[in-house]
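Following this line, the structures themselves.
Both complexes shown next keep subunit A, but they swap its partner, so subunit B is in the first and subunit C is in the second.
What follows is the complex of A and B.
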């Protein structure tokens, strides 16, 4: 493919960002938690200087896309990272300018303009990273200064931010919810890993089991999560009422028990499928030569088949983990707690910042789990990055 | 197989569509005749006075659920397939890496989080649900359409061009038919996820089949939960088995 003379993606992205920056409300200010916030445009929020600086930074990224070369791309990347680092400072500036001693309860909300600029600049970063090449690790390293800047601003200058105030109000609960969420996901993934590998091994041994097994698991996967949680409620409540030792360990119709069962049910299909495929797709020639070298059956399995199958199995763990992080949020509806609790509590009270407090960490957890497990399976791939 | 003189083709067709038809029949019977099962639900839920969900009848709830999912899925298919086609043409090729990245990264976003994030921006009600489902449903369709179009052997495309086909003809008569199974698989994923996520829409003010479940959880009424769960489960199974049938039929041809 001939090299494109101009990068047309960057100008398109920047155009969208500028429209939001100049046209939409950057932040909103509410007198207290109950009243809806009043939108404030960029000019009023941070003044002429800030608005102009932001506009120029974004324009320069677009301009660097004309007749691009690696050097220009690197400069554009630097400007993009700097912009992302400056965004929390923009919020801090807006907070300082809006600070009013008459309204100590005032809360700063993040407006649509800010979200769009943030999102588009992240997209620009992804685009530039693809153009520049470089490893996955480099991409994450670039996120580090951005996160550092956000963390600094959040801990020092963003006191009136509504999101932060919601967090301050329930920081203990928040930490507990995150840990609980992780524990639920960890237990579900761990259980389904054990069960899944056992099931996959059994399916390889008894082909008759294969059809029935995949049939049942596919069937389970089709049932919507809310419905499955609901369907588990009645039988578990009955079991808890009639079997003493079950209720003694905390099994109830609502709570962690139905959540865990449903999560394991959903997790089994990707786990079994990937393990089964991974074990089956090992080159038979490799197995033959291992046998020829005098390895026993057990040795062949542990030293040859399993290591070769591991990357694809890990892929199953990755899919399962990401899926479970999302589904565990739904489990909050049946009283399982976790971060989903904040989401549904916030939706119930129409407190949008509380919703964000639940949804953003879930999003972050899913992205981090995806990146970590993806990198791990890439590394374990024979001949992969060492 | 063919004892009663039923034309063989029709008989086979019924046989093949047996599973989707069974689920559909069960769904419809339950939609219309939920009240007839009062005895069963009474036996399950002994404490409550009311055991059949009656704030809206099930036909309305099913209709609303289907409407939301259908509008969102149709739009998502339209937008997703055209976007994927656009970025695989020469004019849009610049955007391909970014779109492919977004489509694969977006898959990690949990549907609940997407729904929850849509509410602060779009407000409560049915419209935000449709928008959230549309945005989320786009991703598997874009990803699969891209995979389908890019997975076509380039020698086939060259042969088609060599036969004098125009670009549009190559797209319509070669690329899309060859990519169709993968595209349909993407639409299937999208619709299945949408049916499940739309049920969660009941928590953000859209009235649909998720309503009885949420209401049952809030009021501690197991019968309501079961009714909602059965309806959503049957709807999901009907749609999914229909897609499976379509995929098998395509594969046989």
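What follows is the complex of A and C.
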């Protein structure tokens, strides 16, 4: 008899979620923006009914992981998606129950219990998607109802949510910051892509460059980001003072210019390394036969080497992009603005919800960039996705 | 026709090919045999200028190859290698159409040529045209490799251990197919292998190389009868070399046509090799066999004495 194989991941995840759900504060309530919030456990926040429903839903996902089969996995996936859709409603319910006409300024904070449950259920969704197979696209399609539910609740029933109030207070600034962040990352990745490919090609052409090139790039990578910003301050300030057209386009010792240069500096190593390795590791037999069939050097490069290297090169773009999205937040420290501005402002004011307002979109952007570029590189694999 | 005159190739200090002269007639299959590292691939790759020779001259149809532009020369020469070198991101059909596309044939002409080649190599269009190389077995992939090399109908085919990575059964099947193809197409083929049995089966002309030099060249039977050096003899299998010779001669060449005595019960086909006939004698404990044709009709008789080439007592 075949030993029954249980899914070990789901019970472990659900155990963590249940501990948080039953043991940690689900939300917090503060009288106004400045005072620290007071934690509220799940039972007090949403009552017996809500707590039981949540517990049962999560337990059922764990139970379905025993002696699993595709049907059980599909049911577990449905429950998981439903739970993720219900989470904003949980917040709305908590908000409604805490509403107090004496305290119109009161704000609802999201507590550790809620974060853990949200995070764990997302992990459970990833686990289930892996088990069920299917494309990345299907996984994203499942996120759609979840996002829709969040959007609906945020629009109508979550007014007291502190995060939302921080957003309401600076929605124009928020949109501008997101766009600025994207522009900074786009410029950095675009520049390092061009420079990186050029450098990788030069290293392939002149092998003597390899040691020196990788040496410098590796060294760049080891400088802490703040130190790099600091190092750039003086030379850029000097350039701005002495070169008119540079100062005319906005180059200063602080601001976007050092941020962009530093981001490009950090991005170059993964970009060059992946491009170099990708181009070098194309099967020599394939190149040999391409030459032997009478393809010119240009044809071999454009029709054979480059397309075969592209998936690995895109991997470099993916790493670079995700890294730049995070690093661009640090750039706020030297006045580059962007979403990092909210984070540092929030840290300064001890307003955690403002920090979240900066951090959550950064997380979202990183996840989306990772998924999109990952899917693209998968599609470009030879003979793949057909 | 391919001619090498005193050709040498040096890689820095090392001499990979050392003053070899060779002539491959049109329509002839010439096998280069030797241990690994003796310069076979280098010799082959000098012919399509993937490697430039250091000294001497190489002629194709009487013209020095350096007179041609490299890519033009290569598009006129088919090239097949052990790892197939198929482009993994192209379908089978597109891979086969590579050289015609480089030569700017019209799309219709390319398509009909690809169809023709897939039929020739036993690759049904419906099944294989849209597959990617990863989806093929080793034998199928190498058939595609051969089809691609033949696509623009070159006179010359260079093959570098094309069947070296295949299992023995597939290898023999492809060797047979190559023989049949060659009987129809009469290409001028230079075939590199380290497998002497393969060389003996396929070659019109056999060239044994050692340390960058040609040790002996001639027809397979010439080499089997008179190996010039102990090295050639050991390459040919030492004492086994008699059996290798027996594999090259058919029963029909040695039999006594419709002899007086037809009472032998053990039978052998006219096109079988002497080696196979010997095996039948051994198995049946018989010293004479009845030779039959395709219709199972006796056409002659093969005695052990005739088999070994001793006809004095008949």
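One rule holds for everything that comes next: the second predicted complex is superposed on the first by the 377 of 386 C-alpha atoms of A that agree within 3 Å, B and C clash if a C-alpha of one lies under 4 Å from a C-alpha of the other, contacts with A are read in each partner's own complex, and residues count from 1 in each chain.
Operating definition for what follows: contacts are C-beta pairs under 8 Å (C-beta built on N, C-alpha and C of every residue); 3 or more make two chains touch, one makes a residue touch a chain.
Please read these numbers as outputs of a predicted model, since none were measured by experiment.
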Query = Who does A:16 touch here: subunit B (first), subunit C (second), both, or neither?
reply = neither
Query = Does the superposition put A:237 against subunit B (first), subunit C (second), both, or neither?
reply = first
Request  = Look at A:296 in the shared chain and tell me whether it touches subunit B only, subunit C only, both, or neither; answer first, second, both or neither.
outcome  = second
Task = Could you tell me if A:283 is touching subunit B, subunit C, both of them or neither one (first, second, both, neither)?
result = second
Task = Mind working out whether A:224 is in touch with subunit B, subunit C, both or neither, as first, second, both or neither?
result = first
Task = Have a look at where A:352 lands relative to subunit B and subunit C in the superposition and call it first, second, both or neither.
result = first
Message = By residue count, which of the two partners contacts subunit A more extensively, subunit B or subunit C?
response = B
Query = A:307 contacts which: subunit B (first), subunit C (second), both, neither?
reply = second
Ask   = Along subunit A, where are the residues that touch subunit B in the complex?
value = 1, 4, 7-9, 12, 112, 115, 123, 126-127, 130-131, 219, 222-231, 233-234, 237, 253-254, 322, 325-327, 329-330, 333-335, 340, 343-344, 346-348, 350, 352, 355-356, 358-360, 362-363, 366-367, 370
Key: Sites on subunit C touched by subunit A in the complex   = 45, 48, 50, 70-76, 79, 81-89, 98-99, 102, 132-135, 145, 148-149, 158
Message = Quick check: in the complex, which residue numbers of subunit B touch subunit A?
response = 44, 93-95, 97-98, 101-102, 105, 108-113, 116-117, 119-121, 124, 192, 195-196, 199-200, 203-204, 210, 213-214, 216-217, 222, 225-226, 228-230, 232-233, 236-237, 240
Note = Listed in rising order, the residues of subunit A that touch subunit C in the complex are 283, 285-286, 288-296, 299, 304, 307-308, 382-383, 386
